[in-house]
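Shared between the two complexes below is chain A, which has chain B as its partner in the first and chain C in the second.
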Partner chain A sequence: MIKLAPYLAYAKKCFLGRSAYRFDHLMNILSTCLQIFIFWGIYHALYGENTEVDGITLPMVATNFVLSMGLGAVFSTNDYFFPDKIHDGSIATELLRPISVPGRMIAENAGNALFNLIFRFTPALVLSILIIGISAPAGVGMFILFLISVLLGYGVLWAISFSVQMTAFWFVNVWSITTIKNVFINVLSGSMIPLWFMPGWMKGVLYLTPFSSIYFTPVQIYLGQLTYQEIALKCAVQGMWIILIYLAGDFLWKKGQKKLVVQGG
Partner chain B sequence: MRDIMHLVGVYTKTTARSWFQYRVDALLRSLAVFLRESTGVIVIYFTLLKFDNLNGWNIHELLFLYSLLFLTYGIMIIFFTGLRDFGRMVRSGNFDRFILRPRGLLFQLIFANADWFAAVGHGGLGLVLFVISAGKVGVIWNFKTVVYYLFAIMGGVLIQGAVFLFLATLNIYLFETSSLKELFYYNMRKFAGYPISIFHRAVQIIIIYIMPFAFVNYFPAQYLLRKEDMEGYPQIFLYLTPVVGVGMYLLAYLFWKFSIKYYKSSGN
Partner chain C sequence: MDFIEVKNVSKVFRINRRKSGVTGMLANLFVPKYEKKEAVKNLNFSIGQGEMVGFIGPNGAGKSTTIKMLSGILFPESGEITVGGFIPYKQRKTYVGSIGVVFGQKSQLQWDLPVIDSFELLKAIYRVPEGVYKKNLDRYTGMLDMGGFLNQPVRQLSLGQRMRADIVAALLHSPKIVFFDEPTIGVDVVGKETIRNFIRDLNRQDHVTMIFTTHDMQDIEKTCDRLIIIDKGSKVYDGTLPGIRERYGTTRQLDVEFVEHKEVAPIPKVEIIELDNNKKRFVFESHEVHINELMDHLLSHYNIRDINISEPEIESIIRKIYSGEYL
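Now for the complex of A and B:
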């Protein structure tokens, strides 16, 4: 049985650590809201007189942006958790501790995510609802399934971050790789362009990548666009991506530890 | 004068050398900046495959609008990196070294450092977008339009440089200004990638009168493209970019001159 107490302590520490920077926070909330308003402004103009395009109404588009960008603000993954520790050598002391290092990363990210949920997502959501309005969830059952799918979506994002971080064992500069990874996530996850409007060939490509599992699947469930069967399938796909990507990362993590040489003392 | 030019040459050589010390790394970093900044462009490209125009602007016109934003930033950052990072220099006490040298402080700040990754990433993207769009937006490139374009670029560089100079100067009074920069500069710039006429009136007022990105790309692009949504604004705005640039820069410069006397070192 794994002991949870140390992980909870890490999560709590992270949560409290974040509370110290109030001004930073306000800026973050504002930045999330502005991002949502920009895209809402664009789609407001694109729709013009049309009430719907391809069966998608403007409130549905707004819902897609508010939820995916809001969740983007919640889903915290510290992309430099491992790279920083590998570069300054503190990974060595981390490995000596009787806890799992990826486990510690999950704990810290979870603490952060909880903080973001309360203090970033909620204010941004309230502001967005007041100013642009979003659709209500398709029902209580769907809302619960949406929450499950959100957790799985976070899992996919986390697994991608974890695996990419492992490249730090081989490359000195992971900033570039991380930045490019985030470009892919931003463009292909649906948080900046609703995936309904992607051209057909692009939708085909998206089926083969994990990106639409992050935000778009939860959004579709929230809007009631999927049948129960489709939901089961999509959630299974989310689970599959988590396992596949995590295993790839774990493989690199084990290889990296064997290769690791920390200098100095 | 020759002495100054020589110093500028030496500074440029050494900074370029230090930024490009590790070639593969420098290339990767520039590529990463290029791709990161392309995000918005890729998104608008896919969006316009579905909806063929945004408030009357087609994809080439939108790329042209974007290109002005990136070109001016790419040029600006070659000169104003020192001001972007001024807060950090003040906090670490490194700025004190500049005071001891027998040259103007602003001169040193402007020429002693240049973020070449940002310059290549942003400027490169601006160039690519310009090349893609310039022939397809129906602009007749003759003496008049080329001169206008060059003045517009210069004005756009000065407007953004003035904002960096102003925010750097604030560091003399305030400890931390990076959040202010994030809010006023980087967040507002996100709006400027699109025709401002699509946004709420309040956003338009901010972007014309307070953080005047509209003069960096929207109005210059309007002069060359003459889209219908220009009707909502006074015609004179089409010609003001260089004036706004020089005016803002002079104001920021006076603010700097006035404030630098009060500089107190935080280092020891």
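Now for the complex of A and C:
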């Protein structure tokens, strides 16, 4: 039986710790809004007089940016949580706690995500709705399914970050591989270029990668572009990615512990 | 079977050997060379419940590596470790709930938070019942005189204060075994004394099993009944502190002050060292030369004003063991 109290304590500590730096916090809201407005501005100019391109209207594009970039701000995980601990040797202290290290990472990130959702996403969303406006969800049912899919999307993103962090056992310095991972996520998840505008063959390929299931699947559900059957399938795919990627990360975690070197005496 | 059993344990690290300078860096980039370093070689010992064992050795002898294997952080390369029926590295999550570890060089406290907040977090992590937590906290902070800084952020504490806070942090969940890895490092004389007394009292009163690594022999003399010395990853001594004097400390020195300056005729198996003009030092092995006979000989042949016998300091014996003089 997994006892949750210790993990909740970590999540709470993380949530409370985040409020310590107020200036940084305000800047984060601003940076999320700027990102959304800049991309909306570019697409606004590209659309010009057209009301739709390939059946995609500008409000749909705006919705995609607000949701995927806003959620990106919520989901932002500390990719260096674990590598830092390997680097300075404090992994030793982590291993002395009677809890699961991946579980502790989930707890910290969840505390963080909750903070971001309330204090970063919500203000950015309100500002975006006031300034550029987004489409309403395609019904109450779809909105609930959208929320479920958002959670699954977060799971996929977290699992990717977790697995990449575990490579620190071997590489110690994982800045480059983390950067590559983030570029892949930014470009291929549809948060910068909506996947609607990708060439047909590429769309086909991207639908086979985990990236499209992070933000794009929830956005499609929100906009009512998918039938219930398609939603069930896409959510199952999200679940499958979580399991596969997590298992890969867990494999690295178990293997890494055997060759762990605690740095610094 | 004893409480802690270590059988034929070895641990090997792969170390990147890199030549210095730019050429060395380039060579390493394309053809990295690794060297195997045996941090721990075929180590064996066992420790009973409630024992207090000093674990010493020179830098790089494998002390910390052994402690980390005992506490479930590192996997041994080969051999077996059991502690209180657990295999530490295989059952880490359950096992570490029953142990406490203090790393003198690594704080386990939250850097930005007041000490008490770190304690509260540990209480949640270890699921310590409120009553036990309160009792332990009051008792240990009282014993270590910590009331004054419980509400200060860890980053503002002095090293001695931080060390005491770290010790309490490792004990809040009433562990049955505590590993101290250099708990007095960098602490002043008064602080060291407080920590030593605390550790000894805890061992005597609660029968907590303890392993204590340090470079300060006084730590050992004042706390431990038993001593394990390791060097280059292997055990070189395992026994009591007086035992080490019996085994290695057989050298005696006799400082004699004569009434007048006089040449002393050579005595077999005794080294004579000239000190001041009227003082001489006689160095000998206690099992080779009988002290009574030597004294008789000196007293009957010379006019003597003062005599002083001394045993070697434990510190100097240890120094000789480290430098390989006894091997």
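Just a few scattered comments:
Going forward, the second predicted complex is superposed on the first by the 262 of 265 C-alpha atoms of A that agree within 3 Å, B and C clash if a C-alpha of one lies under 4 Å from a C-alpha of the other, contacts with A are read in each partner's own complex, and residues count from 1 in each chain.
The definition used in the following text is that a contact is a pair of C-beta atoms (placed from the backbone, for glycine too) under 8 Å apart; a residue touches a chain by one contact, two chains touch by 3 or more.
All of these numbers come straight from a predicted model, not from anything done at the bench.
With chain A as the common reference, the superposed partners chain B and chain C fit together side by side.
After overlaying the two complexes on the shared chain, residue contacts for A:R97 are found with chain C alone; chain B is out of touch. Once chain A of one complex is fitted onto chain A of the other, the partner contacts of A:T51 are absent, as it touches neither chain B nor chain C.
In the superposed model, chain B and chain C sit 90 degrees apart as seen from the Cα centre of chain A, a figure rounded to the nearest 10. Shared-chain residue A:Q229: touches no atom of chain B or chain C.
Once the two complexes are laid over each other on the shared chain, residue contacts for A:N182 go to chain B alone; chain C is not touched. Of all Cα pairs linking chain B with chain C in the superposition, the shortest spans 6 Å. Counting contacts as defined above, no chain A residue meets chain B in one complex and chain C in the other.
The touching residues of chain A, counted against chain C in their complex, run 3, 5-6, 8-10, 13, 17, 20, 89-93, 95-100, 257-262, 264-265. Across the complex, chain B is touched by residues 23-24, 27, 30-31, 34-35, 37-38, 41-42, 44-46, 53, 172-173, 175-177, 179-180, 182-183, 186-187, 192-193, 197-199, 202 of chain A. Residues 13, 64, 68, 71-75, 89, 92-97, 99, 101, 103, 105-106, 108, 110, 112, 121, 124-127 of chain C are the ones that touch chain A when the two sit in their complex. By the touch criterion given at the top, residues 25, 28-29, 31-33, 35-36, 38-40, 42-43, 46-47, 49-51, 54-55, 179, 182-183, 187, 190-191, 194, 198-200, 203 of chain B touch chain A in their complex.
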